[in-house]
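Written below as structure tokens is the structure these notes are about.
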Amino acid sequence: MFATNKILETKLLGFLAEDVGQGDATVAAIIPADTNVEADIVAHESGIAAGIEEIAVLAKSLDLKLDANVADGDIFKTKQVIINLSGNARTVLTAERTILNLLSRMSGIATATNELTEKIRKTNLVTRIAATRKTAPGLRFFDKKAVQVGGGDTHRLHLDDLILVKDNHIAIVGSVEDAVKKARKNASFTKKIEVEVKKPEEAAKAAKAGADIIMLDNFTPEQIRQTIELLRKLGQTGKVILESSGGITAENILEYASTGVDVLSLGEITHSVKSIDLSLEITKVI
Amino acid sequence: MFATNKILETKLLGFLAEDVGQGDATVAAIIPADTNVEADIVAHESGIAAGIEEIAVLAKSLDLKLDANVADGDIFKTKQVIINLSGNARTVLTAERTILNLLSRMSGIATATNELTEKIRKTNLVTRIAATRKTAPGLRFFDKKAVQVGGGDTHRLHLDDLILVKDNHIAIVGSVEDAVKKARKNASFTKKIEVEVKKPEEAAKAAKAGADIIMLDNFTPEQIRQTIELLRKLGQTGKVILESSGGITAENILEYASTGVDVLSLGEITHSVKSIDLSLEITKVI
Amino acid sequence: MFATNKILETKLLGFLAEDVGQGDATVAAIIPADTNVEADIVAHESGIAAGIEEIAVLAKSLDLKLDANVADGDIFKTKQVIINLSGNARTVLTAERTILNLLSRMSGIATATNELTEKIRKTNLVTRIAATRKTAPGLRFFDKKAVQVGGGDTHRLHLDDLILVKDNHIAIVGSVEDAVKKARKNASFTKKIEVEVKKPEEAAKAAKAGADIIMLDNFTPEQIRQTIELLRKLGQTGKVILESSGGITAENILEYASTGVDVLSLGEITHSVKSIDLSLEITKVI
Amino acid sequence: MFATNKILETKLLGFLAEDVGQGDATVAAIIPADTNVEADIVAHESGIAAGIEEIAVLAKSLDLKLDANVADGDIFKTKQVIINLSGNARTVLTAERTILNLLSRMSGIATATNELTEKIRKTNLVTRIAATRKTAPGLRFFDKKAVQVGGGDTHRLHLDDLILVKDNHIAIVGSVEDAVKKARKNASFTKKIEVEVKKPEEAAKAAKAGADIIMLDNFTPEQIRQTIELLRKLGQTGKVILESSGGITAENILEYASTGVDVLSLGEITHSVKSIDLSLEITKVI
Amino acid sequence: MFATNKILETKLLGFLAEDVGQGDATVAAIIPADTNVEADIVAHESGIAAGIEEIAVLAKSLDLKLDANVADGDIFKTKQVIINLSGNARTVLTAERTILNLLSRMSGIATATNELTEKIRKTNLVTRIAATRKTAPGLRFFDKKAVQVGGGDTHRLHLDDLILVKDNHIAIVGSVEDAVKKARKNASFTKKIEVEVKKPEEAAKAAKAGADIIMLDNFTPEQIRQTIELLRKLGQTGKVILESSGGITAENILEYASTGVDVLSLGEITHSVKSIDLSLEITKVI
Amino acid sequence: MFATNKILETKLLGFLAEDVGQGDATVAAIIPADTNVEADIVAHESGIAAGIEEIAVLAKSLDLKLDANVADGDIFKTKQVIINLSGNARTVLTAERTILNLLSRMSGIATATNELTEKIRKTNLVTRIAATRKTAPGLRFFDKKAVQVGGGDTHRLHLDDLILVKDNHIAIVGSVEDAVKKARKNASFTKKIEVEVKKPEEAAKAAKAGADIIMLDNFTPEQIRQTIELLRKLGQTGKVILESSGGITAENILEYASTGVDVLSLGEITHSVKSIDLSLEITKVI
């Protein structure tokens, strides 16, 4: 995901404006207009940094000098200073919470994602960990970017970039076969077609109908193995990507990964984010 | 928090547009334009409903019929149908994820907040549970509204509606007394003045300087009691509101509340939200 | 491409506002505020209708009654009344040009696309005609939708929905193989990977590297045949989609299509649009 | 037409954001973040440059260095490098299509306009070539600016800057005389009043009623001459500007111009644009 | 000035959103969500109504029922109820101030303008009273519309709808003649050309150079008479419109008008507005 | 009130864009693109400067050099040059009116406010002069900032930052006591509660109910004194802030202030602004 800085700047200033309202009443009342400060952004727990690139764009827009001690994707430790920020005191204090809110959320997502991807990596498996569209409203770019920084796969970014036929679609269309057939006919050849299935037999139908990706919805590891075996018998393996979704946790993830499924997708890494505890501390008044 | 429907509609359509991108490729490819459906939004865990009013605004804007079986603030149970939705099939399917993402997040916040406020209520204490500005960027209204639905206090909505002097401000101004003095002189008489303090003695200084609210930052319950005792000796109780912030959890909250502090504020209820598991299921195709 | 009406409405009102400026000076000066009219939108040449759905959204938003005599994708003849519109006279006259400009452009794109797709269809070939990203700035949705209405394939909608490695990318990365390898590793599994090649041998490299789609850039029909033959020898046909781009015109399109290439893409259908000549004529003053 | 750079920048970044979506997936996957490139924008056909000023604003906004070898209004030849661009490789590649789409369209409009204005100029006639409001939705500024660069007259920019009474208005008001009378009474004295007429006699009525400009709608050159003769007899020449609209092409334009009509307006130069074929080629990787 | 309701609605909801912030804290705290009310908007001084059409658009958007007892341009008396409003109590109270602020300002402008235009009308003079571009930032449409409602002329709406050469332009171009010559050559034939002059002799130069309108800047009535006399001698009257600007007040306006000048323009009617005193009073709680 | 420059820039460019429309037709026609100028902004009457900070942000955004000879809050005299501006001639001329309109309005508000605050200050009274929400739609920030620059108190900025119970609220709730009780229960502890009363006895009720601020609506100085006396008897003074509103003018303000009331609020300083007469004069052409 690469958006130019100017496009990001617009979104970031929107977040700041939401917090500022008609103006920061505290700094206007008690902080002189021409004071400058240096400040540290300090981690109070360890994690994986994400949002550094975005905060750098915001800082530049606000005429603040930013030196990052970690890059996106780097590990930081408890008590580590991850960013030095300096510039006008009112601006630093007014932007403090917007900066921390974004950085804490994005780093929280990257850290949770990375915990999962590292587990997989250590076993030498190649299973991908993927996000879903269960992101916070308005934060699609930032949530997905953080997943990617944590080593995960962004999955769909919009409703326009993949045909994903779910149970609700099939309830209307009638069958997996018809849905795939219609999708292949009507959708652009540039899109992959994914189908959500509830049982191994449906996976076989979807594969035969020509799905590029099959989402095994709420399958147990055992059911996933059965599905792979069934597809092997039908000569459908290698052609289709298998994605398992539902019921996967940090605890059982290796059990799922070891089935040989290609992708494990989890809504939790974006819909139930645990923010990383960060704070901004003024270190020098100039 | 009351914003008229039209103001909410603009924000909600922005969330939908983010998800839609250039258009839902799946429904366009396989769902007939004139199919209508009925659908249920079902809870897969119990909780406190929030976001119902907002989703009703979005549904109306999209010409969908919505019947809510629960109102904001009501308890729902696992497997309960909380909303019936009907209308154009493409529209229902395109809006499904936006609806669920907002409803799950808001209900998650309300449920977590309510768990805390109910603990307090059952003890007949009157301690308030308050949120902070640690909301997801762009979601200030929705996160704060959900806190309120869960029985919590919204605290500040913008940087413009309360003077809140924190340690970083004092690092520049020099002393609690000077900060309060300047705030009283320069800020509007319509704003309260809150000061963050690190030790009981600072709380005393802040009270004497005329703070309306004192935030006891990372105080233990024992330190809170000492502070209240100190203020009592100084004749400052009754005039000032005491807010405790930092280190408070669902486990120790009654210990904190029993100190007699007025407000307990927690960043976690908005920065580390656990979404409620909800799904939309089509029940009838027309 | 399906975007809900409310999302379209915002874009369409933006187009109207651009034309209105601070207000329509002519109707304000000479047309009574409470006059109503009936009007016809008449075609002055034959073509394929596109934009009808969009104009219906705009008309509803403006409280105008619209009856369309043709649906998107239908053929209309010279002098045919394609839409009846009625309502407030000032509103009809103020919106006239915005309505016609969009309808004329979209119908022009659909008509040009349809001319090509019909040529293919009549030969019983299944070659797809596709658009490119050479759309008018700000009109991506409308230009692509019109291509689709005309029977064409939208191709990419954004830079986020397909990996398309072009010569400029390869100039930086170094080789087709490296580019595909990096793309496969770093991009989401939900995206297809397309590679632009200049010679049959490069097509072979791209296919072996695992490209999902190969764009044969400025190939003659003869070179396309050589490429298909080469891929057949290498056992790569059937796995990869071949797209031919550059030099294709209405005159030579069957020559290209008969090579067996899967997709023919043309920038002209969106970057050099010939608008359909339509006018709005008031038929009754009420 | 002069709008400050910052106003243009907002529009141009909107065009870029439309193309980028949630981010350029290709450059993010395969182009290193810190690579720099030099690139040429090359013409593949000759024409008149337009959009150079606008692209310079966009390049500056994106921190790209731009050197233009031609200015707006200059002639360029086939194979000529019209712009050198350098900077971050990801940014260049992400912005490539937005830059080319705007430049190709604007140069196409300027070239088509210039072909007409040059024909006139070579005959020493002073007839003006003017555009209409038949511009692409959302591109009013850019289409009109390109007309001007090509030597044409922008005509109306909004519905607010000229009173233009067309047949549909007269159908409601009743007569040319009443329309002009009402316009003169109710519209600002700062606006000219133009009336569209279908016959020479109506032109006489409009002139007598005090129209500043008369649009001769679909008049043949012979009818235009009759109209001028009629106005001369009535002593109305010199006071009123005559504009001929409808049926004018590159082939017959001198025939129209030689009638002595003041202005020839053509919808085609903006509603049926033939884009100039331009490409961006990376020349150096740094 | 006629802008469709939907375009107005967007601007009006922007004004409301500015006032609401994150939500009306008072109604949320104390007014039941389902209470309905009837309310009167009452005038506390007499004047000319303006803004009624705009407020009707806002009321409809907010699902409030509005009955206006006066139309735009009508006279209202002290204590007169000008509007009856009914609907949801929270909505009425939240929108109250936005409604009154706009209505009071627009009616204030219309009343002040009308005072001047009535003075002229009673003398049977036909001098026009015109506004300038000295409107409140962001309120161009509303301020100019109110001038028009009060019987005044809007003058320019944007910098794009009239060529107005002022002293600062002439300081750069060098002379009135050169400025008019360049304007005639480079500007669209659809625009009038106005020139600001400081002395009668300059007015003569401007007229001879072909200006459509001459602004007599800070001329006394005596100087205006001299100018008209000078132009008469030169045979330039009848062709050019004379506008007097600067130093005109309600007291001396007839003295200016009696000179025979065509237009009197005053910045005061929009830059120094005296709002009409209006209030909203709830008359019934349902 | 402190909003970062980038947030201000967006608002200011919006004001400029409103004035520019599709482009400044005059400068485009007659001013060379590469001319530079120096210009003075000159005061034609004395006053208090406000808006200097905002105009500096706009100038920087437009690449103009600005040197201010006065700071916000400073006194300027008739004929004083308050700002020197230099840069591109077209940009200076295009932005001239937007700059002057904002500066004239803000300085007008600051000057009127300052006249009142100075009267108070000279008597050694400490009464505050406060604004209301009667600001021009869309100009809340600028109007309130100007009040503050003039020495006044901004009062509420949004409907979200103070509970203000007015007569219309009480008409629904039933009594002052109930309103305050509900507000105290339902509103955030971070907000003050203000109640509007019509009679001294109601003020007593409000004070006893726990209001933080009491607005004495349309009280005479005598009634204010009675109220203060009554509250003194009830032991309520010192706890509650008294604000007098209605009927206060520059003439009688000291009479009101001498009653000992804490705050005097006036709608006039923002709803009926007299702009300061400023002009921009080009002093050098380069």
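By written order: A, B, C, D, E and F. Residues from 1 in each chain.
The criterion applied here is as follows: a contact is a pair of C-beta atoms (placed from the backbone, for glycine too) under 8 Å apart; a residue touches a chain by one contact, two chains touch by 3 or more.
Just so we're clear, the structure is a prediction, and the values are computed from it rather than from any experiment.
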- chain A to chain D, fewest steps along touching chains: 1
- By the touch rule set out at the top, what is the minimum number of steps from chain D to chain F? 1
- Note on the structure: Comparing which residue numbers chain B and chain E contribute to their contact, where sharing over half means same and under half means different, the two sides are different
- Message: When contacts are scored as defined above, which chain pair ends up with more C-beta pairs, B-C or B-F?
- Response: B-F
- Taking each chain's mean CA coordinate, chain D and chain E are separated, in whole Å, by 32
- Task: Let me have the rounded angstrom distance from the C-alpha centre of chain A over to the C-alpha centre of chain E, please.
- Result: 52
- Rounded Å distance between chain A and chain B, as computed from the means of their C-alpha atoms: 23
- Item | Euclidean distance of C-alpha centroids - chain A vs chain F, Å | 44
- Task: Quick one: which residues in chain A touch 2 or more of the other chains?
- Result: 1, 20-25, 27-28, 94, 140, 157-158, 160-162, 188, 191
- Item | Residue ranges of chain F touching chain E (in the complex, touch as defined) | 14-15, 18-32, 35, 37, 39, 89, 93-94, 96-98, 100-102, 104-105, 108, 133-140, 142, 157-165, 168-169, 171-173, 178-179, 182-183, 185-188, 191, 267, 271-275, 280-282, 285
- Show which residues of chain C lie in contact with chain E when the two form their complex. 13, 16-17, 20-25, 27-28, 61-63, 90-91, 94-95
- Item | Residue numbers on chain B that touch chain F, as the complex places them | 1, 128, 130, 153-158, 160-162, 188-192, 194, 213, 241, 243, 262-263
- Can you list the chain D residues touching chain F in their complex? 1-7, 10, 140-141, 144-145, 157-158, 161
